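Here you go, one structure.
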Amino acid sequence: MFSNPLIYFVVIPVVMLLGIYLSRSMAQIRSVAVAGSILLTALSVWLIVDYLGLRAAGDMAPMLYRGDWMWFSALNIKLSVGVDGISLAMLLLSSIILLTGSFASWKINPLPKEFFLWLILLSIGVFGFFISIDLFTMFMFYEVALIPMYLLIGIWGTGRKEYSAMKLTLMLMGGSAFLMLSIIGIYYHSGPDVNGAAHTFDLLQIAANDAIPHNWQYFLFPMAFVGFGVLGAMFPFHTWSPDGHACAPTAVSMLHAGVLMKLGGYGCFRVAIYLMPFAAQELAWIFLILTGISVVYGAFSACVQTDLKYINAYSSVSHCGLVLFAILMLNTTAMTGAIMQMLSHGLMTALFFALIGMIYGRTHTRDIRQMGGLMKIMPYLAVCYVIAGMASLGLPGLSGFVAEMTIFVGSFENTNTLNRVFTIIACCSIVITAVYILRVVGKLLFGPVQDEHHLQLTDATWWERTSTATLIICVAAIGCFPNFFANLIRFTFSPDIFAVLK
Amino acid sequence: MEIKLLYYLIPSLIMFCCGVYGFLTRKNMIAILISLELMLNSIDINFVVFNRYLYPDGHEGMFFSLFAIAIAAAETALAIAIIINLYRATKNIDVRDTNKLKG
Amino acid sequence: MEILFVVVALAIIIFSVLTVTARRILRSATYLLFTLFATAIVYFMMDYEFLGAVQIAVYAGGIVVLFVFSILLTSRPGEAGERLESRRRGLGILTAVAVATVFGWVLVSRCSQLLVPQPETGLYTMQQLGADMLSTSRGGYMLPFEAVSVLLLACIIGGVVVARRR
Amino acid sequence: MTPINPTIPLLILALPLTMFLVLGLLGPKMSHKAAGWLGVCGMGTVLILSYFTAFTYFFSGNEAFTDGVNRLQYIVFNQDWLQFYDKLVIRIGFLLDPISAMMLVVIPTISFCVHLYSMGYMEGERGFQRYYAFLQLFSFSMLGLVVATNIFQMYIFWELVGASSFLLIGFYYQRHSAVSASKKAFIVTRFADLGFLIGILVLSYYTGTFNFTELTSAVTANGSYAISETTAFGAFSSFGGATFMGCSLFSWALVLIFMGGMGKSAMMPLHIWLPDAMEGPTPVSALIHAATMVVAGVYLVARLFPLFLLDDFSALTFVTVIGAITAFYAAVVACTQVDIKRVLAFSTISQIAFMMVALGVARPDIHHGMGYMASMFHLFTHAMFKALLFLGAGALIHAVHSNDYTAMGGLRKYMPITHITFLIGCLAIAGIPPFSGFFSKDEILTAAYENSFFWGAWMSMVAALTAFYMFRLYYMIFWWNEPDYSAHHHKPHDAPWVMTAPLVFLAAVSCVAGFIPFGHLVTWNGAPYTIHLDWSVAIPSVIIAVCAIALATFMYKKENPLPDRVAKATGKLWTAAYNRFYWDEIYLFITHKIIFNCICRPIAWFDRHIIDGTMDGFAWVAQRLSIAIRPLQSGNVQYYVWVYISGALLLGVVTAFFMI
């Protein structure tokens, strides 16, 4: 079991949990968290390199590094792991955000130990979700990722934290309920497993069997899509996002917007579309409309918000809407773009939330009307904010641009009028994005200093610089060398693997 | 006249109903406990009578009653200890006034 | 025998009713005692002498005395008993009558199966009973016996703990 | 034999980018002087390399660059950047052809002048290093734009120039006006870019390529490319006559792409950002908002010119109409402004519109597409003299610390070098021979008259207005009456050499640039063409210009009440022109009143109250329900028992009735 490298994505965090539990001082907690997440990042980088090597050597299996361990044989539940380029990209994203999140919560107070324990438990869920290819295990890790959020927001949050934590958890749990129904439904129509069992939870096996009857797909596909869509902030199930993000502590916002929301998009294509290609083709238009609305709606809403985190949360609604939108286009280019957008949005929004947390930690307000001219006071943070903003509005050379362009070009390939119209509507969001980003940048960073007290504030500390610089480098890396990531991702979206693309 | 099984069951049933009535209406905790004993007792009678009439070769009903009596005794003892303690604290053993522990 | 049964049955019915209707709690306890005695007689009539003895010793001798003591401890003598609210009493009566009706109807509807005479059996001696009580084979009650003893021990400890003056 | 060492073009792009990173990251640790000279030297190197490249292209006669008669397109390198699917790939490359080679001369020249000039102009400013870093970034983006081998590369750098323009306009970030101007510039151009993007999507969907070489030209025997009408027609026919809303989709694509150009080149109605962009430092205005970035729209149309020629010229007509209206509008507004930079800004808009019209009226069958050549020629000369004018204006502002020409007057005595160079600029733009503007403008007018008399007459009128407002400006600054300069610390005087040297250089170029045989260098299909001055157009237009100048002299040379009387006489028209015909107000109304108040706010309200309210409503209902059933858990034992017994009874009844 331990010869499979993927298992270490769960093992390392568990060891980290233990290490943090045994830590005596803040310094020890930090070093365990940072060392662990560096290890995870290194592991994912190594895996990507190794993966590309294997692919180059001609390994055409849909998933590599497979491992199967029977867990509960009566229901044929297995712990099966395996990754493709997309999972690897997501693993890399998660570990980078965990690393930067650890840096961003360098001085977390109170209860630092508990904070890190929950944070790492959350990341276990995330990593486990991305390496699993067994529906049940996947779902289990999904839940593991959701629950710590409640405590993390409820205890370490700000503002109406109990309300927000409750709202977030309940809405996501509601999504999980749909999801579970759908998973059970899929299970009972999955067709036989290779090991002789009557049903299976194994994603690849279900896809290979393709045995789910069409009338059931009509029922299960929306369930699964909505279930994951709630986490992907799909209109109209997005309202947990503004409140949740606004109240969450920095690192949690980063992880939540950066990684957890990606679970939604990932699940949508890995479970809903991959397993139910027929319904995906038939019903895509409904969700296309919803996600198309998400994209513009989120952007328009962001234009009039005054709380930094709300702006960013609505911007996330818009950007994540674009992810689901592109997935629903059901062609290779758009879906590749969707995954790139997931990567890009993950990094960029983590950067945003990190910066907002740092600014809030200094000024103690997130209201843009009460701040101004921060460029003069804290140039480093302000410059980072501008870069994040530029990434968000799609400046070439940063990640947002390549992702959005891939999506738009891909979406435009669909000749259907509805798709075309919504593609153009989605394109409009880039202008609106520019409006709200520049509005914030103009009010917050530029202009005269609003509050005399802010003049005493200091610029970023070394750990804050490390955190933001890492993210910026990653954003720029995707923006400057997009083909590397596109090639990593594109393999999975071939018609041989994805039945829906035929 | 021979005494049939049914004849034993009737007083037992009435005893049980009295227990129900007492349990629902009395306010004094001890009175409630007494009603409880009545109900238990009526059940014991049923066990024994069924045992004796329908399965005369075994003694399960008898043993069941035996243990029921033992447990009833234990339960009563403990309940009375609590009641007395409660009385010490509140000078009152009315079941409806005793709601200090309720959230 | 028949006369004895009639007397016992009447005693059970009357004293049960009195137990729950008596205004004063001490009287309730006394009527309970009589009911328990009548029950003991039923056990004797079933040829379970040991059970009858236990009934008298534990219930009549132990529990009722415990009741009496606690009543004396928790209420002043001569205090007028509680008054029942009519609504509550009505509810109680209704429930009790409902119970009686339903189960009575069940009994009556099973009349034919229940109208069986008492079969003759051999003597069940104390030796047999003791052996059964401590036997682990079929028809033995070793485990419940031990469980009850543990329960009683727990009860004793619990009683001590609860009643201890803090 | 490789026609050119690919390292040189690579360096042209890489050097400014490196400089940007170096100055951006290490700048705060450098002294102002070090950072400034580093920037100047960097740009100087780029200048030399670009000149080398351009001269190699034009004059080496290498068979990769010319087939003996026609000039060819040559791709120096072309690296895959992002692959969408098998055919559709974004590449980053370097395309050498007549117009990109010409731009390789224009951009580094102006950029170098501005770099040098800023050493004096920006001396001691806070954020000096940042300024130089942004200048480098801009130069990189602009160079990347002009050498783009495919339309998507152009879009990428198009966005980058927009961003660097945003950063430079907002350089004085503590001033509200600068911040809002930069915001406006970015958003307006972004809106235009939306059209550009959709245009690219449409075009690339049907043609299946982004590459210019596959859209407009055909490969030649030695691997270069030649403009080919057949290829362009192939691209046109790949649309298969698809239509949308009654217009052919091909026209839609081109018009949408042109919309991007309208935004960048400040054509009506997307021109509103350019006058505000003057909030940036003056050298930036000279570089970005006069000479280089704003002509990107013209460049874009020129780049896709073979496509524009198809489809019954409807896209080209659109270009012409937009250009003509803009030219006239901007010229009228320029006559009334008092801020010297704004006058120059409107003059820029008007001149760019000239170039657009020139492209719009160009037809391959009339003098080998002379309009195209004229447009590019004017782009070149305009870059020189407009940069000169802006830099001159910068020197003036530097001297009197005001943008407003009511604070100036009679400056010819104090600032002789500036005066002479500015006058040269004015003469050039007014179209007085032998200055460069005369030649290029004359070509444009000729092309317009060739197309139709209406456009020719219209453009002649605009040319007259140009001469008038430029000389109005000139007289107001250097003549008129002299305000009291004693309030200043010192009398106005000429700037230090780092500032005057670029002025002199540009003035010299403006004097001689007209004699460049442009027709031999830049034509739409690379075929050489000898320019003949059409005297029937040239003489009247010179006369018109001289008359306009005379009128300006009469009105503005000495202080007199005439201008006020004219303003009063024209009344509302003057006020409207002064307020730029209220375009800003209209936009403000649309953005604030309609988009913000009628779309954004209702949506935000809807989200908070309806959507969120529904979600909270579910929670509320659940809570109410639990409160409603909470009394069941009363804690009353007797009640529990009653419920229990009732339940047991019910079960008993059910069992008794149904089971037995």
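The first chain written gets the first letter, and so on, giving A, B, C and D; residue counts start at 1 in each chain.
Keep in mind that, in the parts below, contacts are C-beta pairs under 8 Å (C-beta built on N, C-alpha and C of every residue); 3 or more make two chains touch, one makes a residue touch a chain.
For clarity, every value in this text was computed on a predicted model and none was experimentally measured.
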| item | value |
| --- | --- |
| Furthest chain, CA centroid comparison against subunit A | C |
| Centre-most chain [mean C-alpha coordinates] | A |
| Inter-chain centre distance, subunit A versus subunit D - centres from mean C-alpha coordinates, in Å | 37 |
| Interchain centroid distance [CA atoms averaged], subunit A/subunit B, Å | 62 |
| Inter-chain centre distance, subunit B versus subunit C - centres from mean C-alpha coordinates, in Å | 6 |
| Centre-of-Cα separation between subunit D and subunit C, whole angstrom | 102 |
| Set of subunit B residues in contact with two or more other chains | 20, 24 |
| Sequence positions of subunit D contacting 2 or more other chains | 642, 645 |
| Pairwise chain contacts under the document criterion | A-D, B-C, B-D, C-D |
| Complex contact set, residues of subunit D against subunit C | 642, 645-646, 649, 652-653, 656, 660 |
| Complex contacts: residues of subunit C adjacent to subunit B | 1-2, 5, 8-9, 12-13, 16-17, 19-20, 25, 28-29, 32, 35-36, 39, 42-43, 46-48, 51, 54-55, 58-59, 62-63, 66-67, 70-71, 73-75, 82, 84, 88-89, 91-93, 95-97, 99-100, 103-104, 107, 111, 114-119, 121, 124, 129, 132-133, 139, 141, 144, 148, 151-152, 155, 158-159, 162-163 |
| Footprint of subunit D on subunit B - complex, ascending | 20, 23-24, 32, 95-96, 99, 102 |
| Subunit C-touching residues of subunit B, taken from the complex the two chains share | 1-22, 24-28, 30-31, 33-35, 37-38, 41, 44-45, 48-49, 51-54, 56-59, 62-63, 65-67, 69-78, 80-85, 87, 93-94 |
| Interfacial residue positions of subunit C with respect to subunit D in the complex | 91, 95, 98-99, 102-103, 105-106, 109 |
